[in-house]
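Letters A, B, C, D and E name the chains as they come in the text, with residue numbers starting at 1 for each one.
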Amino acid sequence: MKINLRNKSKTGLPPGSLIFSGHERNHEVKIEQIKYSAENFSESIVHTVDDIDVSDASNNVYWINLNGVHDPNVIKKIGEKFNIHKLVLEDILNTHQRPKVDFYNEHVYAVIKMLIYDTNTKSVDSEQVSVVMGPNYLISFQEKIGDVFEPLRNRIRNSAGKIRTLGTDYLLYAILDIIVDNYFLLLENLGEEVEKYEANLIENADKEILHRIYYLKRENLLLRNAVWPVRELVSRFEKTDSNLIKKKNIIYFRDLYDHTIQVIDNVEIYRDLLSGLIELYYTGTGNRTNEVMKVLTIIATIFIPLTFIAGIYGMNFKYMPELEWHYAYFVVWGLMIVLFILMMWYFKRRKWL
Amino acid sequence: MKINLRNKSKTGLPPGSLIFSGHERNHEVKIEQIKYSAENFSESIVHTVDDIDVSDASNNVYWINLNGVHDPNVIKKIGEKFNIHKLVLEDILNTHQRPKVDFYNEHVYAVIKMLIYDTNTKSVDSEQVSVVMGPNYLISFQEKIGDVFEPLRNRIRNSAGKIRTLGTDYLLYAILDIIVDNYFLLLENLGEEVEKYEANLIENADKEILHRIYYLKRENLLLRNAVWPVRELVSRFEKTDSNLIKKKNIIYFRDLYDHTIQVIDNVEIYRDLLSGLIELYYTGTGNRTNEVMKVLTIIATIFIPLTFIAGIYGMNFKYMPELEWHYAYFVVWGLMIVLFILMMWYFKRRKWL
Amino acid sequence: MKINLRNKSKTGLPPGSLIFSGHERNHEVKIEQIKYSAENFSESIVHTVDDIDVSDASNNVYWINLNGVHDPNVIKKIGEKFNIHKLVLEDILNTHQRPKVDFYNEHVYAVIKMLIYDTNTKSVDSEQVSVVMGPNYLISFQEKIGDVFEPLRNRIRNSAGKIRTLGTDYLLYAILDIIVDNYFLLLENLGEEVEKYEANLIENADKEILHRIYYLKRENLLLRNAVWPVRELVSRFEKTDSNLIKKKNIIYFRDLYDHTIQVIDNVEIYRDLLSGLIELYYTGTGNRTNEVMKVLTIIATIFIPLTFIAGIYGMNFKYMPELEWHYAYFVVWGLMIVLFILMMWYFKRRKWL
Amino acid sequence: MKINLRNKSKTGLPPGSLIFSGHERNHEVKIEQIKYSAENFSESIVHTVDDIDVSDASNNVYWINLNGVHDPNVIKKIGEKFNIHKLVLEDILNTHQRPKVDFYNEHVYAVIKMLIYDTNTKSVDSEQVSVVMGPNYLISFQEKIGDVFEPLRNRIRNSAGKIRTLGTDYLLYAILDIIVDNYFLLLENLGEEVEKYEANLIENADKEILHRIYYLKRENLLLRNAVWPVRELVSRFEKTDSNLIKKKNIIYFRDLYDHTIQVIDNVEIYRDLLSGLIELYYTGTGNRTNEVMKVLTIIATIFIPLTFIAGIYGMNFKYMPELEWHYAYFVVWGLMIVLFILMMWYFKRRKWL
Amino acid sequence: MKINLRNKSKTGLPPGSLIFSGHERNHEVKIEQIKYSAENFSESIVHTVDDIDVSDASNNVYWINLNGVHDPNVIKKIGEKFNIHKLVLEDILNTHQRPKVDFYNEHVYAVIKMLIYDTNTKSVDSEQVSVVMGPNYLISFQEKIGDVFEPLRNRIRNSAGKIRTLGTDYLLYAILDIIVDNYFLLLENLGEEVEKYEANLIENADKEILHRIYYLKRENLLLRNAVWPVRELVSRFEKTDSNLIKKKNIIYFRDLYDHTIQVIDNVEIYRDLLSGLIELYYTGTGNRTNEVMKVLTIIATIFIPLTFIAGIYGMNFKYMPELEWHYAYFVVWGLMIVLFILMMWYFKRRKWL
């Protein structure tokens, strides 16, 4: 997961310049169109922006989903068709936006980060989702072809819940809700790793684990960065007086707000737990150094004096009375053993053994 | 104590989907019903939701307590009977809620974490308590069969205090008060452990203690996470203009607010004290390494030079005049003893002995 | 100084239950009564609550001081006599309150921690002081028999300052002011210890000092906990519209507010300084380990190679030409001395000597 | 990049004293004048302040750019010509200003830090940019001759975007936008270095890297200091009721505000990541000490006891029975090899090998 | 620089007691009186408070400067003459005030810390400055005889700037401005020391440097404590509706506010940089321990095995075949050299050499 940054190549360009800034992609932009009302439902793939048709208003809701924002022409045409401000189009093209919502007279523009945990690469995949919502249409922009919204499409297809009757603002809520729900999955993965390390960190601390904890910290940091602005984003839906958001649907945004706060709470908890893990790791390292030192000290403290005694009687002086005594050798052995026992007793008392 | 997380299996479902997300349980949901007024009191176990009868209004208060929220059907029926919003039912079923209160026209919904210290397992048991309060009924939802509310039931049975005359809002306060009181028990246990470690950490620091401190930190962190939202929850009762909360009872919520703040104060204190303990532990480790090093250095510094001297006179050169001298051996011994005394003096001056 | 905690035995009891929760005490509750106006002054010890007589209103101020809150009966009678809310009585009896003020129609209730540094035990003595103030009486509740308010009594006796003419609200201010002044004494003691350690920490760092710093941190933490709520308490006096607080006396509460902020500022400074001291201590430990290591390394690096050389010529091979050479022994000595000088030069260059 | 400080030599001078405080420079102040409207465009270098001519009002916008603020006379003349308050002139001359905006009746004064990453010196170049904007003129003050605004000039020359029709407030926005865009370049450089160190810190940690991380922290700190006030600066444009800022252009300032927040977010992330890197570095050092210790301990633990055994049989006692045995030498070798194997097995079990 | 504390001897005294609490001083209080209007200027030393004459109102401004606040009688007389509230007089006498401003009907009272860096003692000199400002007089109280305000007096004498025409509120601003300017000098000194240590900390880290950094931290902490309240103090001038502060002069207080914020910014930066320096120092210590360990390990690892070999052939067994071989001695030498080379290669590979 890369850190959010505005694109270098844009520096100095006029605002509203329609230049794509993000990962290079070269698939064609796929446009899915869903049209539904309480009674009807139809679904199609349209090939060009011109084919999009949202004319049948009154009770119908149109959901247009674009898989890919790397083609400025498509975005420009969408902009012309739906009369979207140039700065909004620029924001859609720049995939390094900070999550936010802007209320315009004719539509609402929201941008948010979708974070998905890729269990294969054990890393987090980040994608920017932009949504432009009008009175009877909603256009969502994904960076890649993905199936994250599939459960939502199924709910519409099957008319599960009241989704078909609640209008575009409810659809917008549902999209945001799926994205926030995916943050919980991320947190769960984080939580599982943290618990794994909690259990056996001190014993099995090697360099790899510390690197892994560092990356978890980084991941948590970036999740934190993604979710904090969402809090404000959602709370602005609660407080808005835009007539594009129906009063009766505000309760859903309040619910979403609670979920967002919960993500933030958990992010902060993991932040603290990860710091605690690093402390545990440090202490593990310190303890191991301590144990190594003890072994060295015990060996050296026992054998260095004994070797000294042996050295004494290895001297070649002409006149060394002890050398002549008959049991001297055994006396020296005895002395050494007594010394050894004293040392061992000392280490026991010091609890080094 | 697990960290709060929304359930994975819910991702993508419509809000208001009545699916239980929490620990799997398989006991039958036990429904206790208490009916009381200033004069009367009756208590019964009802078997199905249909048997619940709150029709005898005017002065009676009905307290329905459900031991278990793992059966969506029961919750759904309750919802239908008392006309509760689907999002509320969903929140009751999801046992990973953030504590909060929502004021609806016809009822108040509050959700809070009950944390109970289990002295056997030396761990904290977390349970979510939901309360739906109407003008003359209060429904409380516990996750497990428990007796935490028993003192409260006794007060009602014995008409202790003014509880029978103060209505459902006072009963709601009384329930929240018992839960917050249990936080104090948790803090006391925490406090006792912290004091135990304060007294003898530096001397007896082993790996187990650090692990224990880490878990105390974790526990404190989770308590912190449980209690911070309670602060806002309670303060909303103080400030609400809902006519379900009587003006004269607001003083009790203010009292409860004071207790909550006190819990928070103490949580923050323990946070700091636990960090201080870890610092003490580090220093203990550092000091021990230092002592081990000193022993090694003293032994090595004394005996390595002496062994060198012995080595010198263990050489086999043909012409080594000292070897022939008569008292040379004793002179060398004298030299060694002088060296030894000098070393000891040096270590004394350095305060290593 | 124990950390504030609500009493365990109270969990589950109704609010307003008059049960004492604090240190067990068994002296009789001493009741001192002072009656004064600009002209008159009288002072007496009353034996029962019934003997308290505050009937002579108009210009008289009655100050009733209770030394001891461990007898619920006394508190209950006071409550009945002065018409005090049960929750207030409960707060008076519970000596683990968070400092706060509550404005009622007929009286003001304030509770605050008195912290006194005991120079004998080098520890802090904490006592809760409750004050109930009516239009012409003020009742103060101390936990123990103490003489902290003696200077204040003397001012009233001697009519020093304008105290006799300024009513009960000024008396309340005067009591709070004495308590806050005692916080400064605590800070001064803290400051003296900190300065003592600053001067000689690195040199004389032993385990005891770290323990002492930890306890200073703890003390500072608890002072912090005691004084932060006082800030809000005092500011509520400034902003209240209760007619028990006269406009012209608000300037004194503003002054008190300034003092409280100053205590808080200093508490935060000591917090930082104590953290800095622990850092110094760590570095002291690290430096000492370093020095020990250097001594060991110097000795070992010098003598191990020399001992090796001696070992070489201690071998018993039949054919070792050097052994036969006449000056070989002296050449070896020379070699050793040259090696020794090289080592010393190396250590000097590395600044280890 | 130097830390912002007011100039020492100014202490005690009256406010509004026109004294330059900044790096000494001695190039002549270059004055560039651009005049444009939707249809027309002209560009010239003027030599003295008197030559500046902004008289042709109505639809024309004048942009005067001064390269250098080290000549108080030039600034003074500008001040007289455009009727600028003395405090503003003082701020222009003092190149250690905190970023801010002041709205006057006749003009707006904004000051901001331009930070440019110099890829040659691998350091950050800081320059203060002041802007005075009137209804039909904008005067920008740079410290040095630079080409940072060249892309903007090109846009005006080529009439790219709507820049020529949107007035002086849009021009002011465009200047601020270029400066904020340059912060992103800085962040990108920072990000690249951080990623470089993340990849190989533990393995290749040498002193230089820590120094470099410290300087990155410092750089990030100063960027933080430069950008935080910009947040408030830009938000004041959003909220101003000055009629120099047109309502329709406020949307651009809102866009700029979003970018500023994004810079701040990233600065905070790098702050955390850099702290994490230092933790990694510490652990790297600790691990290396540990490994060194292990090598030492293994060698010493193996050979010290063996050397002791050799020492024993190097003693010269008259009566040492083993010396006479025929295979004693080989038995001793065997004993040593067994000991060696035992040691190796012990180290393996301890995972030191 | 001592930490701010209220005086111990005051505890329990009535507020408004005129007792000096600060450093004991015994010089006479010197009173300087300056009288000026746009046209006139006169300057004199007055000997007693009674000699102060501010009667010639209308266009004249009187500036009375007292060098010393240690004589309560002088302060009392001033208080009587200018009708100043007793609490203000008490604040003037107590030199441990927190910076603040109080607006009274007839005068404004401001108190602030003057911090001056003493280049001789390399420490910071703290002095409290109180100012009482009326409509046509300003009384400033310094603790010591000092010349900090001399540049200001010179400006008045020479009528530099508009100072003589702008009234007492401008004079008050000018005094505060000089004091805040002195904070910048302090910061500059701090900055120079920090830069000095940044450059060579890792190489030359000795105990003294850490102590010095600790004192810089302490100094910065106390500067922080002095300047934070100034922020609020100055902002209250901006927002006051007191008619003692003229609308047209508020722009100067806004300028002062900017400077104060800048001091705070820099204080926070130095706080971070000093923490960073301590981290660098730690790592320096750790690196040195590491290097010492490496030297020890290299020496020990090379020579301990070689000494063992020598020890082997120093044994006195009767039957040791190698001893008899003719080239055995040289073979052993060869073996040792090979071992030595292997070791060196190993250390090279590990990058220890």
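Quick note on the criterion: contacts are C-beta pairs under 8 Å (C-beta built on N, C-alpha and C of every residue); 3 or more make two chains touch, one makes a residue touch a chain.
A quick note: this is a predicted structure, and the numbers were derived from the prediction, not measured.
Taking each chain's centre as the mean of its C-alpha atoms, chain A lies 42 Å from chain C.
Spacing of chain C relative to chain E, judged by their CA centroids, is 26 angstrom. Taken residue by residue, chain C touches two or more other chains at 282, 286, 289, 293, 296, 300, 304, 307, 311, 314-316, 320, whereas all remaining positions touch fewer. Under the stated contact rule, the graph of chain-to-chain touches is a ring, a single cycle where every chain has exactly two partners.
One closed ring of touching chains is present, and its order from chain D going to chain E first is D, E, C, B, A. Across the complex, chain E meets chain C through its residues 3-6, 8, 10-17, 85, 87, 96-98, 100, 102, 207, 210-211, 214, 217-218, 221-222, 225, 278, 281-282, 285-286, 288-289, 292-293, 295-296, 299-300, 303-304, 306-307, 310-311, 313-316, 320, 322-329, 332. Those residues of chain B that touch chain C in the complex are listed here as 150-152, 155, 160-163, 174, 177-178, 181-182, 184-185, 187-188, 191, 198, 202, 251-252, 254-255, 258-259, 261-262, 265-266, 269, 272-273, 276, 279-280, 282-283, 286-287, 289-290, 293-294, 296-297, 300-301, 304-305, 307-308, 311-312, 314-320, 352.
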